[in-house]
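Right, one structure below, let's go through it.
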């Protein structure tokens, strides 16, 4: 029965975003034996590849580099990855990309969705990706919405209403990002490190995001309920839940 | 070892609030065999006892009535109850009441705390109670804070950092209440009904809060992940988590 | 003289929205002998017609059903209705639809406008409709803006600055809907009920919206000034005024 | 029958505030033949009387001057005035002042209440006055709340739930003041001018608040519905309604 | 070396906006001998030229009038001006206009950017212009983003990260405009006046914006640190800084 | 002439807060030869001295330790320090402490004020200190407000309106802290480090706040205007300006 097995879907604007911001959550899922799928809407070929442009690489060469790096990083995290190659800087919302994402949702049947937050004054591609991720999630629930090629009935089942979590932007306060979920990624962190090392052009980010994981880990400990026995070196990632949590136990 | 057993603490401004707003959560906890403790800061003797005043009852008679009703309701929910008798309308924040709550926290060692939200333009007693509940929770964590009678060392252990959930106010939008947790109380609802019936002076509220549980139940279903198989007659209560959720699984 | 007679314009994303959310306001207007016009931007043929799709109906059949139902409901409310058939799920903002709405505004000369609120995380069509309703209202005020077919001068007079009220979304708190107007629809409620019964596929909504009217009616009574003598069974609808109220009496 | 006749209550932190900020609304009410009552919690003797202190006046002399000026201004507006002399800079919330205000509410039976907004980073006395005005309004509704001298039953009837409007602070944006009611005070403005002239020490404010009335008048015209025929020289005052408007006509 | 010389870029939706809202800042810059460039995305030919339409002017005539007036006003302020003629009412975000703005940014190498705020319920063209101004500013920083004609490498250098200030909208509170910078324009005000007089069709605005400058000047004085010795007749303009200020001295 | 020389006043709830959160700003000021004064409202003896309590120290011993450490840290930063010993956990707003702060303001004649932000769900002492710092700043401006011992006229001159900056709380997003000023503390950082080392009981914080300075330094670089030539190892502190900046140059 589709939808009952845990299935994590990550919608990433550029080829590298999912590593820095959600690598821990992805690795934690795959370490539990769950399925994880990353969709990169673009390669980040124009906006996040400055060093390659300065080396005189062509657009296609840069796309290839970014795809290979991202594929290696996904593999290190144990995740599947696919690329929509919809262009970046600007990454624009289009009916075609939204429709392609609807197909992905129905094929992947996610039980959890991760994407960018809805505001980022430093990078408009991120909110554009998030808007499409959210829009496609709603459309994929409707039995009357056709496949992206216009055919009907739908190739895959419609989906339920999976929870959505926004991962952390580069400058959280400026992006009105207020974490309401602190994820303990201590066990998954070595995999996240390995994935980060698949992105050699951004070596300065390795330290930056390790230091951020320590910082969020301190907050994990500060906000944990009593007697959880968390280790000193707890590592964390911050998320913002978009829809209300549904539960039968307050905890 | 204190703190490891689940222990629910509910801080209620008046004698009846915990029934209407959190009865489902309380009953759900006690049905799981967990301990639940309700603290009523006042009896609601002046502000929420209009019918008794109109019948010419005295202040002490009214307090007795309210205490008996609240005790019966707590009993129906399977919860312990205690009363601080700190006065209402206005219920004012005082050092003494905060100190008394610090003692309660350390004695009860809550793993979850429920109280009113921090804003209510229709009833200032509710935010005042919540402010004290939050303040005492922080003070009770500090080893340097003495017992309420000034003695030291502390009679009970200091506490950890239990999560806090605000329960729903009477007019949620006007109180800036935005639920981020929807609690399925279907199994607990019969106990909540029994508790409501312990408050005969507010009979019109029975229907009102049953209808609200249906409404929040519809939202439980709308926001649930796929294939949870919730029954048509799902009943719900809405909560607002104050601190970030700490978890090792996004769901 | 155009614009002096009361004229209510309701801009609805789908064929059914105006009934559930604004039926009381519409009926109240027509009961006072005023003109009311409903514009449905789409039929809701893809996103809000699940049961028909499951019965194997075609797109055109579904549109016909929705149009007939909505027409019957408008008629029960005493309102005129028109359909732009601009597609749904997603309902997208287009220059053509905005221009068509400009024509409507100038023809109808509304003194009051009702539409969806600007945020709804559960249904992107609703904010898209509202954005177009707001945009067209501003354009329709400008003498330099041509008719939708490009002809000039404008067929109808430009409009003034009618107040805009957002009607209640399905999950108000999640949509940042904070009512600042509570409308007493007690007298109009029987007409609203009749209109709801014109939508037999959503029978479970009849109870839901009756219960909501009771709930908003309780708030009407709680927020009313002194001695208004409102009946026990006051029924209400909640609205959010978008522009400041202009008045010469505070009340 | 108490409460049915229109009765305006203005709660002002200092002796002059009601003139600058609400003089138009007060005069508009008295011009309609309605009753208006101003309560000044303090004289503004320390915080708003710099020129008198620099002239070497004593505290009592300054209070006398302020009381006389405010009385003259109230008289020019056709309003009654009373003074609680509770001290300023800082004006502190006390149980005694709140209780005194409860008595005022029950005696005056207001159908409309005006006071300061809840935030003002330039003057803490203003929010303190507003908090007490709001608190007393709720307490005065409860039959169980005694008179300020502790006697019971209450001397005057309890009150209903009159609407509350915040008047404009000196720096509106910094005080998070977002007007949602624009009041046309054109007819009342000559009376407001006369009242301003009763405050000779603040002569520079006469122009400032005339210019503000023009500015708010422009907004009255911009936000008015069509064809209201407002004069070019419309004068306005801005207000922020605290509770939802209750109405049976959207307009 | 590009970018080191002060260079002010003003992105204006319509031909007149920059005069009323930012004329003081522009004149202050040019009086310091700095370069200032105004880009008008449209002429405001449909939405802000009512009197010309009523005189029966054609679209092209109106554009000419607006261009001439705006050019004269820019000249009075000592600023360069250019026009994108992208249409107004509605002014729509398009890839072409964004790309044209990217070219402008790289050519002008601004050290400071002024534009409209992101919300304006009275005029959708203003936020649309601001969105494009912000988007182009980010794109212009990326070495991988080509020239607007698709050629590569870029004709001009990429830019740094100049600060952005929103200027004041017509109804600031309704547009969620909260000034966090108050600019003293006393010395520049005569130039601003001269620029306003280049727009004769809006003569009523001359007084309005002079009165606003007085009002913001009062706030300049109220918010200034001690002993700044500001003149009585201080004139001001209000701005909202979008990105954090970077500094090495708190002041 | 008082007030013309730069004078920095830091109002700190507990003895250590000013080091971690504002040490860079303080050292930057004293390195420029300016005066800096720290006022600690309490020693943090109950709430922030857990290790000493666990070692069995008495209250007075703990106060002594905290005072000595804080004095050494202030000295390392080149700042004066004074202690109000008003108690902590809870640190309560009292008229006496506010009045004592008014005296400090008038004596110190600050041209810049630093304090805690107004919200901190993890520590109520911090907002209480900030509220008093803000309140005293306003009172100290009024010529009618007496000295703290009731004597009059005031011993020192009244103050102007110095800008206020909130320093960064421990969990910024949870405390609604949105930095709008990023301070480059690169040159001052060695002094901050030396001051941190004066607090040996919180050795784990040394790394934490060094890592935070790196993080805020990255944001300094990201938000800086073009061509500022900032070093790779830029260190930063984040601040939130409370009142609008007054300036005659936008930059």
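As written, the chain order gives the labels A, B, C, D, E and F, with residue 1 at the start of each chain.
Operating definition for what follows: a residue touches a chain if its C-beta (ideal position, glycine included) is under 8 Å from a C-beta of that chain, and two chains touch if they have at least 3 such contacts.
Every value quoted in this text rests on a predicted model; they were computed, and no experiment measured them.
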| item | value |
| --- | --- |
| Other chains in touch with both chain A and chain B | C, F |
| Winner on C-beta contact pairs when B-D is weighed against C-D | C-D |
| Pair in A-F, D-E or E-F that repeats A-B, with over half of contact pairs matching by residue number | E-F |
| Most remote chain, CA-based centroid, reference being chain A | D |
| Separation of chain B from chain F, taking each centre as the mean of its C-alpha atoms, in whole Å | 37 |
| Between chain D and chain A, distance of the C-alpha-averaged centres to the nearest whole Å | 53 |
| Per-residue overlap in chain B, given as positions that touch at least 2 other chains | 122, 174, 179, 219, 222, 238, 243-244 |
| Contact graph of the chains (line, ring, star, complete, other) | other |
| Pairs of chains satisfying the touch condition | A-B, A-C, A-E, A-F, B-C, B-D, B-F, C-D, C-E, D-E, D-F, E-F |
| Contact set on chain A toward chain E in their complex | 45-47, 49-50, 53-54, 62, 89-90, 92, 121-124, 174 |
| Parts of chain A lying in touch with chain C, wherever the complex brings them together | 95, 98, 134-135, 138-139, 142-145, 242-244 |
| In the complex, chain B residues that touch chain C | 122, 170-174, 176-179, 208, 211-212, 214-215, 218-219, 222, 238 |
| Footprint of chain B on chain A - complex, ascending | 1, 3-4, 8, 25, 28-29, 32, 109, 111-112, 114, 159-163, 165, 179-185, 187, 219-220, 222-228, 238-239, 241, 243-251 |
